[in-house]
Amino acid sequence: MKKFINDPDSFVDEVIEGILAVHSDALRAASDDSRAIVRADAPIANQVGIVTGGGSGHLPVFLGYVGQGLCTGVAIGNVFSSPSSDQVLAATRESNGGAGVLFVYGNYGGDVLNFDDAAELAEEEGITVRTVLVADDVTSAPADRRDDRRGVAGLAFAYKVAGAAAAQGATLDEVAEAVEHLNANMGSMGVGLSPTILPAAGEPTFTLDEGEMEIGIGIHGERGVRRGPLDPADSIADELFATISDDLGLSSGDSIAVLVNGLGATPLEELYILARRVSQRCNAGGIILERTYVGEYATSLEMAGASLTVVRLDDRIRHLLAQPASSPFVGAML
Amino acid sequence: MKKFINDPDSFVDEVIEGILAVHSDALRAASDDSRAIVRADAPIANQVGIVTGGGSGHLPVFLGYVGQGLCTGVAIGNVFSSPSSDQVLAATRESNGGAGVLFVYGNYGGDVLNFDDAAELAEEEGITVRTVLVADDVTSAPADRRDDRRGVAGLAFAYKVAGAAAAQGATLDEVAEAVEHLNANMGSMGVGLSPTILPAAGEPTFTLDEGEMEIGIGIHGERGVRRGPLDPADSIADELFATISDDLGLSSGDSIAVLVNGLGATPLEELYILARRVSQRCNAGGIILERTYVGEYATSLEMAGASLTVVRLDDRIRHLLAQPASSPFVGAML
Amino acid sequence: MNGAQLGALLDTACERLASTGDELRELDAEVGDGDLGITVTKGAAAVRTRLATLDADVLPNDVVLAAADAFGTANPSTFASLVSSGVKAGAKATELTDMSTAEVVAFGRAVAETIARRGKSAVGDKTILDALVPSLDAAEFSADGGALEAATAAAAAGIEETAAVAAKKGRAAWAGDRGIGVPDAGATAYLRFLEALR
Amino acid sequence: MNGAQLGALLDTACERLASTGDELRELDAEVGDGDLGITVTKGAAAVRTRLATLDADVLPNDVVLAAADAFGTANPSTFASLVSSGVKAGAKATELTDMSTAEVVAFGRAVAETIARRGKSAVGDKTILDALVPSLDAAEFSADGGALEAATAAAAAGIEETAAVAAKKGRAAWAGDRGIGVPDAGATAYLRFLEALR
């Protein structure tokens, strides 16, 4: 295990300690175990609170998106495992500024169970909660079962849209509707080139032969749609872009934003090789590529690989994506 | 080779194409081969131009530090190889706003040869050029031969200091002196957990057994001071911090800034585990840790590993580090 | 069986479960994310720690509630959450007193019902239910003293069937037909638990 | 030897150098960054491309200048920069006409001088100079027609000595005593070039 680590069992808690030590001006713990974290200035009075969370190992997802114009609070589970409902509840309490709380997180079974429990508990305490699941991975279920899809790097845009709407004073229902609108116009797809190792397990989550890739992989190493020999970068970019493009029904004249996301070990250089090709495809297809985000927005520990997220832009999404946002992790990136 | 790549021979040019496609608002080519790049608004009249450069494979070094309050221009070589003097000259010409140009780059033989040649050619064209080499890797030469040391992640601070001084209207000599002052107060040290593969070579630059680390490694995989079994994260952080601390002669009451830099494949989570320990050491030793930077500031393709950079702060450095800076890559990070 | 005896039995079973980590990780990783090994080993360890805090005269039902709570919070993944809330609901519905076969089967039915309701799943979806439900049927109609053996055999048979189909629920469902051939990880965890009880 | 013959000789030699990439990469990687293989293979390929553009009546000196320029810009690493500028300076100093041993040795001395001056290095620092300088000495005092063979043998002997010491210049110097035992990569590249000329 080529990891900087002390004890696998304290991995997540030490990461959080480090983050709180470095970013004490921006973040604070909202529970004794520090597994619930909120903006230092939370709750924001009369603003809808945005709470997210999920398993660890995906930085800057989830904790990195707590900030101004983004999420208000987060609950952090063990590596690749959901936080508990108590942890979600703790984040919810301290994120509630009186205008209700929106849960925005990726569609994973364990998270849904625990967030739903937390929502019930919060409602019992008089906090109004709504939930919008992010389900952007187009290969994880066909279009007629969109809601079954898992949530991947599109989370970044969901946080931006939710946080921007909340900062502008939208109501809980309006913020939820904005994220749902984004969801309907967003698709992602990933490709993995090497596995990750969970610190507590010490073994790779899957194996790929030298020179193999897994097309359609999830951010926990979930199987994709196809495993095969590693294609040239341009073919891979073409396959990801065409698949998402079909799913969204993009056509000439449409405006989009694109995120080329690194899964962890892949150098930034290679992400730009993919971005280059996407830009070429858009030019060739008459699609207006208004903005390209390149970098690590949702990772899977040290997995080599990348994902592509495409958002179809309309005035509403464009406006929300253009709002200022800042967090210790992704300030200038979003 | 687990890489998103088309043709190894066009790797660097495709990366640059991708970067220019995505960041055309901020960057523009300053040579026909696009190996010289400058700020879109370069040259800045009556401001000292800052030109850097070196081999590819280290993003955000070097191109990522071209921006407001940072470098004006850059020359980009092949992976791990110097740019040519012509490329440096091209960047220099378009970075010269009339107040002269400072070359700030890492101390590597090939770069020194080519930048020196470029400096001569530039002087022949009437451009005043000065050079300050960054040489922060404490393990690469003893303190009495500081100037022989190689330049690593400390480059990030050198760019910030140079760019901030230039933006404030300092003269060429003053900017150079500011970077020299930083150099005298900065030290770095790295540790590698896995090798990189040069696209054009297709083979790892070195091999480490499972569970081994190379302490003191350079950002091209240059050998360090010791190879041995992978220590716990805290011991590694202690060793890096103690070595640099001794080199700088830090003592209780000193103020420092620290950069925990990822070399490429190491997850952000693990960098925070190292940052946590450094913060603990500072607290224990009475050293005032004013700011900690955590992230990928100088990489070595997909190498797993990290480096620590420590800067002793005085009012002068503190003031320059506090100035605004922005680039498509490191805006909020610096 | 009284509460102390049940606690001792569970303690031994959880001790034995420690060795299942690798198998469950690998099964879960085939189609999912590979964390089930951690869920079960951490969960089992947490159960043992919690059992050690119980009084000697504790009631069987409270032993079960305490174990469920510990298992559910150690690593609250899908499996841990479903099993924990299922067991808690089962205990509340049955009020376990003597752990007779009839009582345990009734308890198990309530567990399965809760899992199915919360997981929106049914037998045939390739989940823990495919081992749990047949094991309860087998135990109910087993010969005296043979309930555990019958349940174990039925669970194993149910798991074999899961290998033949694609998952319809949970993370494994995303793998679709590519998951065919791999037995369900959660169902296997349940089987290993039954085996550890012997 | 006229210019066309020299061009043909260099072309063959550069073709042969293509196979040295792995060896040079590995040697450079032992203590440095592993790019010398790329420098030499890309450089040799660039030389061949450039040679193909020359006129049939080109002068030997211009063949050498063209080759140096191509080698220096293909992958301008330390080695490429030093060798290219050294060869250019040597050609300017000697004005090669017939490629006699005396002429080539004088040229080589000028190359070595320039490398030493620009690289601030000397024989014994574990660089290309440790092969280049002895090879010139050997060629100068060799029997008629035996210059290349003598130079090759002397270069090989010089390289063996480099293996015994720590580098004092270049990237390899950072490795300090850990570089002992590894022959110098740049010196080896020069030896492979001499061998390819035969």
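Lettered A, B, C and D in written order, each chain numbered from 1.
The working rule: a contact is a pair of C-beta atoms (placed from the backbone, for glycine too) under 8 Å apart; a residue touches a chain by one contact, two chains touch by 3 or more.
Everything numeric here is computed off the predicted structure, so don't read it as measured data.
Enquirer: Chains in contact with chain C and with chain D: which ones?
Expert: none
Enquirer: Centre to centre, by mean C-alpha position, how many angstrom separate chain B and chain D?
Expert: 31
Enquirer: For chain B versus chain C, what separation do you get between their C-alpha means, in angstrom?
Expert: 53
Enquirer: Residues of chain B that contact two or more other chains, please.
Expert: In chain B, no residue touches two or more other chains.
Enquirer: Viewed as a graph of touching chains, is the assembly arranged as a line, ring, star, complete set, or other?
Expert: Per interface graph, the chains form a line.
Enquirer: Dump the list of chain pairs that touch, please.
Expert: Result of the pairwise touch check is A-B, A-C, B-D.
Enquirer: For a test of understanding, state which residues of chain A touch chain B in their complex under the given definition.
Expert: 1-6, 11, 14-15, 17-19, 21-22, 56-57, 59-60, 193-194, 210-211, 230, 232-234, 236, 264-277, 279, 292, 294, 296, 299, 301-302, 304, 306, 326, 331-333
Enquirer: Given the complex with chain A, which residues does chain C contribute to the contact?
Expert: Residues 21-22, 25-26, 29-35, 37-39, 42, 72-73, 75-82, 85, 118-119, 169-171, 173-175, 178-179.
Enquirer: Which residues of chain B touch chain D once you look at their complex with the stated criterion?
Expert: Touch list, chain B to chain D: 55, 77-86, 108-110, 113-114, 117, 137, 140-141, 148, 150, 198, 200-201, 203, 205-206, 218, 220-223, 225.
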